[in-house]
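When the chains are written out, they are named A, B, C, D, E and F in that same order, and each has its own residue count from 1.
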């Protein structure tokens, strides 16, 4: 990584606590948690934004839908860290060991629903040419049952991970080796 | 705007307070404050991130440098709200009534320093093809006196406003009329 | 500017006369008049072409429509001189102090009529991929009341200012400071 | 052609005279002369500009150089009329029956001088991204013996035929059959 | 050419025989036959693939259709050898001396049937963004009478000549002078 | 898959034999072998070409180098079949369980040698803009020890799999499930 990772012990208590919690749950510390912790104020805002979008309840986007948007956006932005890390989580939530590679390489060929395909079509437009989004794009999503709040969610997730992708690309953030295999093997799913 | 603006009185107290403070200082409420307040958790994270990047001390980026990055990035992403709003702030900080239009239309022709030109070259690469950033790009900035922390700042600002541009574009956020003239007329500068 | 501006007094009489007339009317000499005058034969052809397109009567394109096409085309070609100079004239003709910035940054978000929006969609296609224009593009304009002569006008203006943009970009033609404020303040409108 | 060609006899006398002169010299009337004559004022400005650039004396650009720029630019803009018509003239001036096809398809592979190659590299930059031209591009041409006036010529020709390409593309101007063979066969060269 | 052409006499007997047969038929040895013969195994596979696609019977694609696809694809890939060589064969098969230049410069303006136009629209999509081909593209071709086997043919020819174009571009393969004139003059057709 | 797979028993004997041999060695029949077998002549040429490039001896490209080129090219062309299938083989040859995902998402961040990085830079240029390859690109590879025959190999592999990618994309060829895990788990490496 281009920027040195801080020593966990030197980090502010709240950040340490959150990181230890993640470590306990995942079995390892995903590199993004340490890489961004060099700057505590940015770290806190980043994960607050992340949680606001990814843990929002009352959304019609499933956890799998959200990780699918991240995987597709990160592939479009050629972000190694996010494709590998969120591809792993996508496999787990969707319980489909092949879906992350499919979405990352060519989502049009992926084994996903037409509703998810429409969701990714929109996310790709937000990712690549958000200025060209028009009312017709909203209508295309409405036709698949998405409402305006869902569209805000798709936009927010695509936009937030566009930020994340740029930070990871410039800092050469590398995915933890653990992510590569996660969710690929049946027994690993439980 | 595509999504209804919430009534200020219905917002959580902390958000209301912050918005009233901005209104007192600016004389009006910039639309982004109300537009994002529909979702308080996102609002808080957005402005915390904004402040972490824009108010950071000990940075070699002046306030004018930061607004210049935002203006250039927002023009590349064709975001009307951010070009007009941050272009106004750029004019004020740089005390140059013409600089925002120059940076937005064609920063290579703008009346800025070679150091600022190099800063914008890098920001444009982060904005458009962050995956292609290499060590050579770091070296080009070092040659102009930027250190690695400054480069993190440029990256963070470009990435964060890439998020902001996408939210504003999809929600059709319109700039307040006040922004268009701000900083254009000598007396308005004070 | 990359090429020296000629001394007004050394120019051929017809060119001097025309320039003085413009100065009298505008209060200043727009830089394009001096910048191109280094080459009298090109100057005469340039302004003859300009006038043929811009002063043509019996057209369904208003003066504001024409300046709007120029502003959008010049923004697409990232021409600082033309965006600032013609944006000013656009504000004056349309009597809308904000419309030029809107059209330059993101015409899809501009406060213009659906007819003008269709006109700019076509102009952008002529500007960026004229080889791909088909009969369907003519039909889309006919549906908004444009006839084939109007379409010729839109094409001619887009094409002519594409020429102008390239000359201004390569010669680093800078807009006169006067243009930046023109038409932005109510009293200036009259 | 998308717009009807006017009857030669109905055209203003000066235009008729010029067209008859061209017909006498070439043996046929190139379609552009009739196609644009629907609008006499534009016609006069177009050919005045054309002649100012193409007949300029004291230029270091040979007639062949100029037609080569037109052929390359018109190929980049996918303009059938101009590639075929000016490719024919290029063959004649350069006395190389294969050079027009080479320049149109892939000028880097064409049998031209390194100086002409540099000239076309610059013309392509003016054609596709004139806003990105910098002093380095001027230096690259100076190294091949071009001076600033020559660079103005290259720019002007590229820009003017960019206009011409757009008019021809939108109006579906078709090249006269005579152009296809011109300059291809040795005896035709004289 | 970037790589030396082998001496015909040093080539394996089967390759020599095939090349002599082509020479007898055409009156000259097209450069591709010698250029690729440096590597006999690749040569054999290349021409076997070529013949499988180009000589396939029971196809609804005429010989002219196939050469038209090659000419359009090669122009999109800016391959001088293939545009000139296959453009010549296209002129001969279609008995239209102007069609190759039209297809190479701007197939939308070419004198071809609507069915051929649809065929080239599809070939261009396969050439430039094959990942985006969908069932709708199949339907558009079905509407013009193409069946799925024809679509396989269009795809195969576009893909195979994409390979050929890349080999010719990197090795700077130059078209034989004979190709430039072939099929342009009525008497030459027989 | 868009086109029906043929029944193995109905295929010509030589194709059957080769497919059974592959099945014996791999434990399954990779879909490309059946998908292309619908057309025996194309099948034979395809695999002859494949073998000529991939099994060539006396090359300075290792088997891992070749699969790395395929993986990078297939990712650039968004070909799901080839990224997944050849990514698996790449993992096995390079004995690096993470390298395929790295090369597919962002080869600049991959754990590969500078020599391999230069090899992929060239392959990407051949894949995306082969017409722009110049002598400078050859020199950059020579500096890493590649000779002209190696460069022919890189070009040939990139070009051949560009063909393969287009066929797989249009026919919606899906990778066999077995490929996704191959080479990811240590024990599978032997």
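Methods note: a contact is a pair of C-beta atoms (placed from the backbone, for glycine too) under 8 Å apart; a residue touches a chain by one contact, two chains touch by 3 or more.
Please read all numbers here as calculations on a predicted model, not as lab measurements.
Chemist: Which chains, if any, touch subunit C and subunit F both?
Modeler: Both subunit C and subunit F are touched by A, B, D, E, going by the contact rule given at the top.
Chemist: Moving only from a chain to one it touches, give the least number of moves from subunit B to subunit E.
Modeler: 2
Chemist: To the nearest 5 degrees, please report the angle of the rotation taking subunit A's Cα atoms onto subunit C.
Modeler: 120
Chemist: So which of C-E, A-B or A-C matches E-F, with over half of the contact pairs the same residue numbers?
Modeler: When the residue numbers line up for over half the pairs, the pair is A-B.
Chemist: For subunit B versus subunit C, what separation do you get between their C-alpha means, in angstrom?
Modeler: Those two chain centres are 29 Å apart.
Chemist: Between subunit D and subunit F, what distance separates the C-alpha centroids? Give it in angstrom.
Modeler: 45
Chemist: Measure off the straight-line distance from the CA centroid of subunit A to the CA centroid of subunit D, and report it in whole Å.
Modeler: The separation of the two C-alpha centroids amounts to 52 Å.
Chemist: Give me the residues of subunit E that touch two or more other chains.
Modeler: As it turns out, subunit E has residues touching two or more other chains at 78-79, 106, 109, 131, 169.
Chemist: Which two-chain combinations qualify as touching?
Modeler: Result of the pairwise touch check is A-B, A-C, A-E, A-F, B-C, B-D, B-F, C-D, C-E, D-E, D-F, E-F.
Chemist: For subunit F, which residues count as touching subunit B in their complex?
Modeler: Residue positions touching the partner: 106, 108-109.
Chemist: Please give the residue numbers of subunit E that touch subunit A in the complex, ascending.
Modeler: 131-132, 134
Chemist: Please give the residue numbers of subunit F that touch subunit A in the complex, ascending.
Modeler: 75, 78-80, 83-84, 97-98, 101-102, 104-106, 109-110, 169, 172, 174, 177, 180-181, 184-185
Chemist: Which subunit F residues qualify as touching subunit E in the complex?
Modeler: 2-3, 39, 41-42, 44-46, 48-49, 51-53, 56, 77-79, 126-127, 130-131, 133, 138, 148, 151-152, 155-156, 158-160, 162-167, 169-171
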